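Listed after this line are the structures, all set down as structure tokens.
Both of the next two complexes hold subunit A, though its partner changes from subunit B to subunit C.
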Partner chain A sequence: MADAVALEGRSAGLLRIRRPRHLTWALWIPGGVLILLVGACFIGPQIVHIPGPNVVNLSLPHVGLGTPGHLLGTDELGRDLLSRSLYGGQTSFEVGLASVAIGLAIGGLLGLVSGFMGGWVDSVIMRVLDILLAFPSLILALTVATYLGPSERNVIFAIAFFTVPSYARVARSGTLQFKEREFLLAGELSGAGRTHQIFRHVLPNIWGRLMTYGLLTIGVAMIVEASLSFLGLGIRPPQASWGAMIAEGKGYLTIAPQISLVPGAFLFVAITSLNMLGDGIRARYSGGEAW
Partner chain B sequence: MILRTVTRRLLHAIPVLLGVSVLTFMLLNLLPGNAALAILGPGASPKQIQIVDRQDGLTQPLWDRYWHWLTQALQGNLGSSLLSHESVASLIGHAVPVTLEVILVAQVVALIFAVIFALFAVVIRNPWVDRLLSLVSFGGISAPPFLFGILLILIVSVDLNWLPATGWIPLTQSFTGNLRTVILPAATLGVGEFALHTRILRGDMLEQMREDYVITARAKGLPRRRIVFVHVLRNSLFVLITVVGVNIGKLISGAVIVEVLFALPGVGNLLINSITQRDVTVVQGIVVFVAVAFVVINLGVDLLYSALDPRIRRATSDG
Partner chain C sequence: MRRFGLAKLSMAGAVVALVAGMVVASGGPAVAAKRAANKPKSGGNLSIGVEAAWTTFDPLQQNNFVSYDVDESLYGSLLQLGAGGKILPDLATSLKGSNGDKTWVITLRKGLKFQDGTPLNPAAVVFNLERVSNPANDCLCYSSVEDIKSVAATGKNSVTVQLSTPDSTFPSVLAGPPGMMVSPSAVQSEGASYAQHPVGAGPFKLGTVVPGNSATLVRWNGYWNKPQPYLSSVTFKVMTDATTRLSSLQSGVIQDDEDVSPTQLPSLQSNPQFKVTSLGGVGTLFVQFQTQAAPLNNVLAREAITYATNPGQINQALFNGKYTTGIESPWTPQSWGYPGKVPGYQTYNLAKAKALVRQLGGLSFTLTIRANDPIALSQAEALQSQWAQAGIHAQIAVLQNVALIQASNKGNYQAMLYRWAGGYDPDANVFVFFLSGSPTNASQLNDQTVDAYLFQERAATTQKARKKIFFELAKQLAKDAPRDYLSAADWWRVSVSTLHGVPNLANNYMQLAGAWMS
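Up next, the complex of A and B:
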């Protein structure tokens, strides 16, 4: 066993030397898949001739995969599933990116201020955010989405809303680490204002951490969007969304499973590559194996 | 010592729960859609809407309504449904056993399978098995629950015709019937948990294998298998308790989706139906109920954890 331990120690050392090459793959494979997928969703419909996502063709309902003109088949209204999946992907990525950006901006700011100011400001901000953390994420998103009404913009707000506390926590803990450092003391002694200190000296130091965390949560935001739309409280039909398409196909599983499975496959590939990319980045910075 | 931790945590939970009730109440009572309109249908005249509004006390100021609702809720009265006039508390009471059963079965089965698979991976020590298990568990973590559920329905219900795709038979009615209706929803909800637990347990056990006590045990002449099963597994199970605690929110959210997908009469389905029908009192009751349950369960997990690990107990009572 001592041998095995020593061997494991040695192989860990070897891994450390080999890590750049090993982890490059762990980043490039999911990264490449993601670039392809995003490209297909946003640019694909412009360069390849496919029917529009809402073009109804009642003479061709639920045809299977590989039908000429409808590569991935059609749904119950004869709408092209490839086209709808690509446009649905646009919605998914837009919601994922926008909600993370908004949540990150608000949560990051709150965390920075909270950590930097300390005292009662810190207490008030963190206690209020604790309230949001008391809800299971989907329940809070559901309630906010119900309040705002179903539309892409409102789904973005609903998702951003429930992610604010977690970004605030990341920003706050980062800020606390730097708060007592000499460069901030030097700034304070030379008369720098709080705003200057926060944005010019603290923010650049925790920027990378916030961005990494943001990247990790895009997948979560996309799953919540798909879940909301699946429950009929997110993106409103006829606008295409992976979650809503999967829900639409639920009633046709016996005759046309592709209506659910095609957007489902897109969603699965997108989320898995995002998670793998996130895990690759995590492994790169904190060591350990990826995936 | 432990009593002090409990008291402190409970005191901390009270303002949070008050905030939860205020936020829920405000969000739902400022809803753009009018509940009276939902009751009477789109053809209702303004006069009729006014009458219904007054009957349900919807014309009073918001703060008065909140205060009334809160004092009633603290006595266990969550009001009654605007549509069916049934008591919200009894609606929730009927739905909770279904949700609880699905969540519990999913969690327990996921934990059992996770321990088996993680042990297998650690004992076998085959890089190919590791790689495969790692990739499969990664996929399991990434797939949203409804996706796996659709696949299960397609294969088990539609193709093989083994189990019903929708519906629910309560445990009190028939054990086998209940089992038949709980398997697919629980599997759908549990697969992500299983994947996550397997991954974390395996990682932690491999880390534990490098600890000094393992070398000591090995030097004493204990067989590797015994070290893994008895010593390492027991230490690693602590990590699982934390993960279970962190994941409760995800499990509750997942239960909502699973109940809608399999048409189960649980809390999640009740919530979604009430939202679509704009039955505000029911939605409000459920959201607050779920949040309270969530806070209480989290508290329970924390206390369990500190009761099991003396180091944490000391750390929390100092701070």
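Up next, the complex of A and C:
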């Protein structure tokens, strides 16, 4: 299979490899769940009539699941938990996707340049990123979030910041793998510039593994957002996110566990689906190569 | 024979009756066993879950009730606060006022020593009182001792304090941080690092400390009140989150949770393993305003916020109505200074709030709360929603507890959700908080009328006269509106049922000299 990949390697687009059909379920089940979840979070509140996520009703605090008008109950301030979970999901997905996009763009670019150029450029970029990698990721995100202050935008930056080195590593290893391949040699002989080689020939071939890694780290980013919100450094209240909701329900676990459990269940399903999807894609498209 | 027999029987009966009588008189075997069970036992290690870290171990910078708990165990105090606010002897056996409460004579207990072996004598007391009343030492308690004009050792065991103004609250002052005696030789030898190596004359001495995490105090065998202390050690474990404290108590990591939320009570009250103590409260929970910085330097803005606050509704929704609401002054119904309804206070009135906001052309500010405190966050969000109904826009910001207290004392905030554990003497809830220029005047209120009332109440000698002044002070404070009162700072403490001998104080201060485990 490795030989097939090498022979079919081409200068634009992903490698064509034989797809093992028995893995299809591993893509469709988590993919379907994710589509449903993202659709529910972003489109659901537009088509189904539910109270606003921040509408406080102090006369109806922490009612249980199945209460008329509040399918998933309410929190300690009488806010609808279904509504807050859906809007909170928007925040969590936004943070996950945006931080991964930023981390992937910067880290991917650094890794491509580093791997392709080699020499002192590679050494400088990689040593700087090694220093960042040496810090525990949550501590790094905490430091950045504390410095920038709590807001959704700052949480995105904080998470993106700590994901840059790992994307750079993935991009660099992929670049090194393709650097000596025939099609790049052919491009070089035909006078293609470095920028052209990197973006037209190398990037398309490592794009798949970067995307897969990105998919897996969306889940990580969502968990980090939850952790930051749990520690009071995430989004600003009363904006909802799953992490912030879990944290806020902590004080009422003994009398109204649903305040934490409902967003916890949403987060669990989202993270599990993202991880399964990432694993599925890797297994399906890696074609037996080590990613 | 018969007579003898009868006599013998009578005698035997009398002996049985006498023994039975003695047994009954002594309460019987059950009571005897109970008495034995109630007799304090030495030994045992107590771990207490506390909601915040102490800033230092030096009474100079004592700024929260957790610091008081730790310092009280390390230092003791000249006088001690007893249940109901009664002032009791401790390191001092008596304190006598004369000259219209301007001259006070402290009589020290004989033979006292500090934990470093140096004597706690009148010279040490003079050193301490001069230390706290010297503005250069920057004591957070300075406002309460700035009236000290001179201190002199006037006998083998007596110290005379001259005040510049009459002060009937001086006994309460000596039952707080200024009465905690530090070892002069330790202060001199340790210098700036004294706060990390405290030496007092209390029941426990400092053992191991993990900064911001835990402090273990170990029994000091030289304590004056033998056989106290009974416990071998006390560990204060910082657990800012109420849920963590509760689960730590249930799993046996700690034996006492110093601050339990009313929402957690149902799971504990039915469990015989635990003892729930409702302490009440002499302090208050409030939103304090920075009165010298825009936008809340405008009294109309502060009034609008207070009018828009409905404390009863928040209490009902979040705490099942467990807290005492209807508070309109710095005092609660448990304090003898409590004035009840205060004329001029901005009791909830949404229409008035809306009108004021219209007059102001809108109102936006930041409300700062303690981090990692879901209950405070819920309260802040509830306030945010109530204020929004009046057109007031509040943003919520969080700060770690120590940073929150520092921001409060320095006035680096706009509005802040704050709690004061309270003092039994009503003066403790106002003097240092509203006197112009006081280091703990967090609202930075600067009102000469308030200052005048504060000095008058200290000078008044009868409770009746002082209560009258407190009422006038409450009315003046209502005009200034430096605070929006939410409730009394009521406390619930939960410990394992085997912990005994801790006095129940309404300000939740812990005195551990007499604590023991069965």
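Everything below uses one rule, namely that the second predicted complex is superposed on the first by the 262 of 291 C-alpha atoms of A that agree within 3 Å, B and C clash if a C-alpha of one lies under 4 Å from a C-alpha of the other, contacts with A are read in each partner's own complex, and residues count from 1 in each chain.
Heads up, the rule we're going with is that contacts are C-beta pairs under 8 Å (C-beta built on N, C-alpha and C of every residue); 3 or more make two chains touch, one makes a residue touch a chain.
The model shown is predicted, which means the values in this text are computed figures rather than measured ones.
Peer 1: Would you mind checking whether subunit B and subunit C clash or fit side by side on subunit A after the superposition?
Peer 2: Aligned on subunit A, subunit B and subunit C clash with each other.
Peer 1: Residues of subunit A touched: more by subunit B or subunit C?
Peer 2: B
Peer 1: Looking at A:N54 after the superposition, I want to know if it touches subunit B, subunit C, both of them or none. Which is it: first, second, both, neither?
Peer 2: Only subunit C is touched by A:N54; subunit B is not.
Peer 1: Of the partners subunit B and subunit C, which touch A:L231 in the superposed model: first, second, both, neither?
Peer 2: After superposing on A, A:L231 lies in contact with both subunit B and subunit C.
Peer 1: Applying the document's definition of touch, where does A:L77 land relative to subunit B and subunit C: first, second, both, or neither?
Peer 2: second
Peer 1: Considering only touches as defined above, state whether A:L104 meets subunit B (first), subunit C (second), both or neither.
Peer 2: neither
Peer 1: Please work out whether A:G251 is in contact with subunit B alone, subunit C alone, both, or neither, and reply first, second, both or neither.
Peer 2: Touch status of A:G251: second partner only.
Peer 1: A:I223 contacts which: subunit B (first), subunit C (second), both, neither?
Peer 2: first
Peer 1: Quick one: is A:P150 in contact with subunit B, with subunit C, with both, or with neither? Answer first, second, both or neither.
Peer 2: Only subunit C; A:P150 stays clear of subunit B.
Peer 1: Kindly classify A:A26 by the partners it touches after superposition: subunit B alone (first), subunit C alone (second), both, or neither?
Peer 2: Once the two structures are laid over each other on A, A:A26 reaches no partner at all.
Peer 1: State whether A:D130 touches subunit B only (first), subunit C only (second), both chains, or neither.
Peer 2: In the superposed model, A:D130 contacts subunit B only, not subunit C.
Peer 1: Among 3-11, 21-29, 39-47 or 129-137, indicate the stretch of subunit B whose C-alpha atoms run into subunit C.
Peer 2: It is 39-47; the other listed stretches have no clashes.
Peer 1: Can you give me the overlap between the subunit B contact set and the subunit C contact set on subunit A?
Peer 2: Overlap of subunit B and subunit C footprints on subunit A: residues 231-232, 247, 249-250, 253-254.
Peer 1: Spell out the part of subunit C that touches subunit A in their complex, as residue ranges.
Peer 2: 241-243, 246, 261, 263-264, 266-267, 313-314, 316-318, 371-375, 377-378, 380-382, 384-385, 395-398
Peer 1: Quick check: in the complex, which residue numbers of subunit A touch subunit B?
Peer 2: Residue positions touching the partner: 1-2, 5, 8-9, 127-128, 130-132, 134-139, 142-144, 146-147, 149, 219, 223, 226-227, 230-233, 243, 246-247, 249-250, 253-254, 257, 260-261, 264, 267-268, 271-272, 275-276, 279, 289, 291.
Peer 1: Provide the residue numbers of subunit A that touch subunit C in the complex, in ascending order.
Peer 2: 54, 56, 58-59, 61, 76-78, 150, 231-232, 236-238, 247-255
Peer 1: Using the touch definition from the top, list the residues of subunit B that touch subunit A in their complex.
Peer 2: 15-17, 19-20, 23-24, 27-28, 30-32, 134-135, 138-139, 141-144, 146-147, 150-151, 153-154, 158, 165, 209-210, 214-215, 218-219, 224, 248-250, 252-254, 256-257, 260-261, 271-272, 275-276, 283, 287, 290-291, 294-295
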